[in-house]
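There's a structure below that I have some questions on.
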Amino acid sequence: QRGETVRIALIDPQSGLMGPVGINQLRSFQFFAEKFSGAGNPAGVRFEIEGFDNKLSASETLTAMQAAIGRGIRFISQGNSSGIAGAIIEAVNRHNSRNPGQEVVFLNHSAVDPDLTNSRCSFWHFRFDADTSMKMEALTTFIRGEPTIRRVFLINQNYAHGHQVARFAKEMLARKRPDIQIVGEDLHPLAQVRDFAPYVAKIMASGADSVITGNWGSDLTLLIRAANDAGYRGRFFTYYAGVTGTPTALGTASEGRVYQIAYNHYNMGGQMQTWMNEFRQRFNDDFYTGSIIHILNALGVAMQNARSTNAVRVAHAMSGLRFNSFSGPVEMRRADHQLQQPLFLTRWQRVDAQHPYSPENTGMTLALVRRFDAYVASTPTSCAMQRPAAPV
Amino acid sequence: MTATKYYQFRPINVGRWFIWSLFALVLLLAPLVFDSSIAISMMAQMGIAIIACLSFNMLLGQGGMLSFGHAVYAGLGTYVAMHALLLLGDAGLPVPAVALIPLIGGFAGLFFALLFGYVTTKKAGTAFAMITLGVGELIFIASMVFFIFFGGEAGVSADRVIGEPFWGISFGPLIEVYYLIAVYTFLCVALMFAYTRTPLGRIINAVRDNPERVEFIGYDPQTVRYLVFMIAGFFAGIAGGMAAVLFEIVTSEVVGPIRSGSYLLFAFLGGVTFFFGPIIGGILMVLAFVMFSEITKAWMLYLGLIFVFMVMYAPGGIAGLIMMNLRLAMFGRLGELWASYLGLGATALALLVSMGALIEMIYHLQLGTAMGDVVPFLGMSLNTLDLDVWFGAVFVALTSFGLFELCRRSFSQQWAAIQTDIEKEIKRRETT
Amino acid sequence: MEFFIISLLNGISFGLLLFMLSSGLTLIFSMMGVLNFAHASFYMVGAYMGFAVSQIVGFWAALLLVPLLVGLLGALFEKYSLRKVHKYGHVPELMVTFGLSYIILELVQLIWGRIAVEFRPPELLQGSAFTLLSQPDGSLGFAWGRAALEQCQPLGTAICSLFPATRAFIMGVALLMLVSLWLLITRTRVGLVIQAALKHPEMVEALGHNVPRVFMLVFGAGTGLAGLAGVMGGSTFVTEPAMALTLGAIVFVVVVVGGLGSLAGAFLASLLIGVMQTFAVAIDQSLGSMLLAMGVALSAEAQAHELMRFTLSKAAPLLPFLLLVLVLIFRPHGLLGNRDH
Amino acid sequence: MLEIDNLHAFYGKSHILHGVQFKVAPGEIVALLGRNGSGRSTTAKAIMGLVDTEGSIVWKGQRIGGRKPYEVAHLGIGYVPESRDIFPKLTVQQNLLLGVKSGRSKNSWSFDDMYAMFPRLKEREHTEAGVLSGGEQQMLTLCRTLMGDPELIIIDEPTEGLAPKIVEQVAAFLQTLKARRVSVLLIEQKLTIALQISDRALVMGHGSIVFDDTPAALQENRYIRREWLEV
Amino acid sequence: MSSAAPYAIELKGVCKRFGKTEIIRGVDLAVAAGERVAIIGPNGAGKSTLFNLMSGRFGPSSGEIWLNGQRIDGKPAYAINRMGLSRSFQITNLFPKLSVFENLRCAVLWSLGYRYTFLKFLADLEDVIERVDALLHLMRLEKKRDTLAMNLSYAEQRALEIGVTIAGGAGVVLLDEPTAGMSKSETKRFIDLIREVTEGKTLLTVEHDMGVVFGLADKIAVLVYGELIAFDTPEAVRANPRVQEAYLGSVLAAAH
């Protein structure tokens, strides 16, 4: 396999309101494909990334996927929108059963709906992000120790991921902090809302002291901007405060009030820090989708183990694979193909010596509040995976 | 009297048989000529687009009803067909049942046209256009809000293979789906053509031209519009149902305003004044969306420009252009124009290529600088940092534009002269 | 209470933005009979140009310049394209504007990219116009600008709701526009000339009026208004390529609901739709909860059903179109329209 | 005042007028007669610049061929088309208002003059013109053109669809115009009135003028009448 | 209806108001089957309005309209047409983008029972084609069979207008100024044509051309300011001083 070229299709929005996120991820993929190619990975393969714009639409995604497969690409990556990820899983299952010998593998970099590795789990799907339940587990563990939080408002995007955030927030808060009152809950359309002022007015009227939201991209940017404009002073617990555009929207007005729960953060130090600085140098943008590094690491190790770049062999090799990545040793759990990894809770504040990385030149950063080890945030799975026979 | 009738009818019918057989033959043999999976998928999509555009034209071209929400009927047809496909799978029906899915889509389209058409067709003209726009947006937004039926942004997907192959057919392989669609396409086109030759198909023309007078010859224009609307909805639904089988997934854009707009745009490009115009439109639609968009990122810009120029200079669409030249040919005058056409073609090509190069380079600067400075264009490599390339492109564009304009002027004079002659000729024939 | 006021103001300011857009559309429609499908595209051009021009000469100069530029573009389009298809009738006219909307969208993306640009209002407008202080005892206070921090929670006792200055500015400009448009239409003969020319252009010319020039001016004025709305809307909300499409449909709703060609109708409908949509977001009533409140017994299973849990706030985006369909059924000429076009 | 020489006119490609030639003097009523389709209306349109022309049209010493209609109108020629072309959605009064040319201060005709002439219009002053009866519309068009204060008025079939009594009124009205030194080019079907009120009669046939003399001479000339006016 | 043979068309106290202005002020008129009636009156008297009321273009403000013994006021135009009343328009009102043949064919379809069908081919409807061919012949439009209506000359359009009106075989025919805009000689030809095609039908026409009126009508109704001031034979009407004063005028009327 040494010297072979492995082509990965990245199918994500590259236009529209969520375009900035997809474009950032495409650049991240290309950046790290360069870094990890050849000697950069144990298998010695060359990674090549092809971007497809799915306009955040499931059917466009499948059309793009067909095109990619038609061009001989066998590794598909996507992550923006769990709904679409679900559609890909089904399409991949279908394709692989109808076209033996042309199997493709789905590398999910960010779609975090827990169902994808539970009720809808598939052998061909690998998730490198931490799913919603894991993140909420960690987040609520933190909230348990914060007595000032009494009234919580849930605002989320009206689709798979948003539903899950709301669901797990209610479930886990009820379990860990039964005294907390959910004073309001809203689901708004995904990537459609341009004016969040009415929602913010509602949040303020509810008297909430904290907001939990799984929003990302423009849906978070505009929400926080509207909240700042309207003078909202409560805390935000988010999943994606670091994504393109959001740091600027947070600005100094949100200092100390915005939290992010994720599997990475701005000030990881070490090799990661040099990469991030270099990335910013090159693209004038911040690298935040750390799972891309996981993916390339995992592929390299798996291809070496399988001695092949064949998708089926690589899939088998990845299932249950333990490998090292930027946050230490991680494991692709065999039972459901959910990566087990540590999580980090960070808070928005001014940069200082320990927290030097400032996204979008805001002079602010996300500073580590607490690290959760993989086992703390790990959640059980109900996946009953159908495994094809391993090739000989 | 009877003798003339005989002679009038006979040759036309022969021609008609010939055309329809040719059409069937093309549908049958096309996948043998273009046999890549992309090509077959495109041809299947063309069948769908043709039916959708034709059904759209039942409203616009034949009925004078400008609909901004035609995708609703095709799209809801797709959704219902998709749910039906899911049910079929669950119910364990035999494979041939899949062949009926498009029909289910058709009935869904009919049903929704019956439902919404009742209010939309009360009015004609601008009010009609606006209600269809409203209903279209309503359904589009509803499709993003109601999850059970529309499946949210993930859409609804189903497996078209519902069981073991039946006579070797499982509808899994693309080619089998293509032939299913081809059969439907042929039947639907034939039916839609036949419809134009029926009393209702003619009265709707009268309603288009002068709804007021229609009332005074005994017809209720609202009823006429409503009936036609339902028939159009039915065919749109069939197109939608076929899409369900072909794509196995449906998301909300199929009922959205952009899709409705494309039907309008391409039906118009093809030409709404002739029956076959939208067929051309449907084929172009797929070419544009699938192939054009592969070739260039700027395809929407080209499309918009082509469209605007078509409306300005050839409002009859491509079908109109064809028929105009056919008329010339019938009077034996087409030959005179070849030099002009050649001049026009050559200068237009030069203009197109140079403009294309410019647009491509600008697009590249905008979108792809991270991927290097060189744009591949028609086998050339254009370096966006090289000023000479820019200068050359601009120069070629300007000169070819000037030459084109010269050619166009002489052409339009020539054209006008020929038309005058033909008018005279017709007058002469009429009087003799 | 302060929630009600703020929501009302939010609704009105959004409504007034809609009005800025629809007034231009109404102007063009009522005078030229052209349903300008590219109207919202000119709005978008206004926003992007505002973004570009304000980087050179500053926001305030851009606010003056951009409407002129956009109006000029509109006039040029009228002169070189729309005028040529006028003779084919209204459908082709609509079609060219439809085609134009594609071209504009692509050109904008060509120049400014496919993702949103950072078009922020100037310092002066970034603050807040006033603050509503709602005290725990239920009384309501008011302060211009931003209320002192110590009055507000968590330092003080009051919940402070700020009203952004951009929105207040939108309201002011829209009202100004309403008045000047109204003057233009009622105090000049241009309106008459154009309406007459719609029917019999040759006759109007034979009576001594230069019809093409008037058409061009009207189209320019209408698109200029869209450009102005673009600068304001783009800086207040988001400047991105989809802004035309999302607002475009609503603007048509406004114009039709108000009554095609009626300025007053457009004004009324804009406010109605703005306020309606804002309040719908605020209402958490669902079908299920309403039925329960009405004393209908629902099983737990039924209550969990999607339809029963469907809240009005989710229906918010549907409302304008529902309104459109209802109005067209029961009042085909719109709220204040009287003519059958 | 108006001199037309060797005028050719075209509708797109069809050649309608073939070298028309005639003159209209100040304060003169000239009747332009001819069969259906002989090209009389086209002559009127040619003068107004509403069709493509070749040849010379001279108005008060100025060549006006190829000018835009509104320019011709501003030079003082008024036109009442046979198709009436009232503006249906505007009121009677607004229709009249549109007849007034922009940038003119004094006007020899006022609204009241018009209403005095046709009281019926006064009654319908604020009605939408589109619902007027056929005859009322005819009156309106006439008045509308007069509001523009023309020195020459070209009237195409003014009596069509009018009740006999009103026809008399129109005839009388045209004579008042003459009294005010307004020239009239009257295109008519009804020989009786045309010959009664006009100073000169032109007969048109197949796109050219075949007769140009006094009405009395026309009455005499049986050949012309048989060949070019009757069927 | 007590009488054995009801009137072809009968108006009882019909009034029509537009806003505040009353245009038709209580018209009573009864036309027996087979009669030819001309309606004359000054411009704006309400003649066309009367036709509009009878044909269902709008409903009367008060009063009743009966057609062959059935009440029709308030019914939509198409319903009245199906009951056997057909009208032409003062301003030509055709299907401009259809050929002469198609114009007539559309007008024939309903009366031959083909209604909204889309399950039969037009080309197979022998009876329709036969009838249309007969009409073409009747209207002297055979040569223009396949010409689009919008490309016809004015006189031909007027002829087609009448052809479309009578195509459905309605027993009551209303013609609104059928000869307006025609030269004298053409008018003559046209009167003969009308006479021919409405043979045996009830005919109401509105006319200003006294030649036509006296040449065509059995009876003349005079409408002035929305009121019927006379309804009698041509001679009686001509002699009626009120009519002369209100409508005919002096010299010119005599000339006709």
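All chains are identified by letter, namely A, B, C, D and E, in their written order; residue positions are counted from 1 within each chain.
One rule holds in what follows: a residue touches a chain if its C-beta (ideal position, glycine included) is under 8 Å from a C-beta of that chain, and two chains touch if they have at least 3 such contacts.
Chain-to-protein mapping (UniProt): D, E = ABC-type branched-chain amino acid transport systems, ATPase component.
All of these numbers come straight from a predicted model, not from anything done at the bench.
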Task: Going chain by chain, each one touching the next, work out the least steps from chain A to chain E.
output: 2
Identity of the chain that, by mean CA position, is farthest from chain B: D
Message: Can you tell me which chain lies farthest from chain E, using the average of the Cα atoms as each chain's centre?
response: A
- request: Please work out which of C-D and B-E is bridged by more C-beta pairs in contact, and write that pair.
  value: B-E
- request: Report the inter-chain centroid distance for chain A and chain B in whole angstrom, where each centroid is the mean of the CA atoms.
  value: 40
Query: Can you give the whole-Å distance between the Cα centres of chain B and chain C?
result: 33
Task: For chain C and chain E, let me know how many angstrom lie between their CA-based centres, rounded off.
output: 50
Query: Considering chain C alone, which of its residues make contact with at least two other chains?
result: 109, 114, 314, 317
Statement: Among all residues of chain B, those touching at least two other chains are 145
- line: Going by residue number, chain E touches two or more other chains at none
- line: Within the complex, chain B is touched by chain E residues 55-56, 76-78, 81-82, 86-87, 89, 93-98, 102-103, 105-107, 109-111, 114-123, 125, 133, 143, 164-165, 167-168
Message: Help me check something: in the complex, which residues belonging to chain D touch chain C?
response: 48, 50, 68-70, 72-74, 79, 81, 85, 87-90, 94-95, 97-99, 101-102, 144-145, 148
- prompt: Which of the residues in chain B come into contact with chain E in the complex?
  reply: 1, 194-195, 197-203, 205-206, 208-210, 212-220, 223-224, 227, 231, 430
Field: Residues on chain D engaged by chain E in the complex (per definition of touch)
entry: 35-37, 82, 120, 124, 127, 131-136, 138-139, 157, 160-168, 189, 192-193, 230-231
Message: Residue numbers of chain A touching chain B in their complex, please.
response: 27, 30, 56-60, 62-63, 66-67, 70, 81-84, 86-87, 90-91, 94, 98, 158-160, 189-190, 192, 283
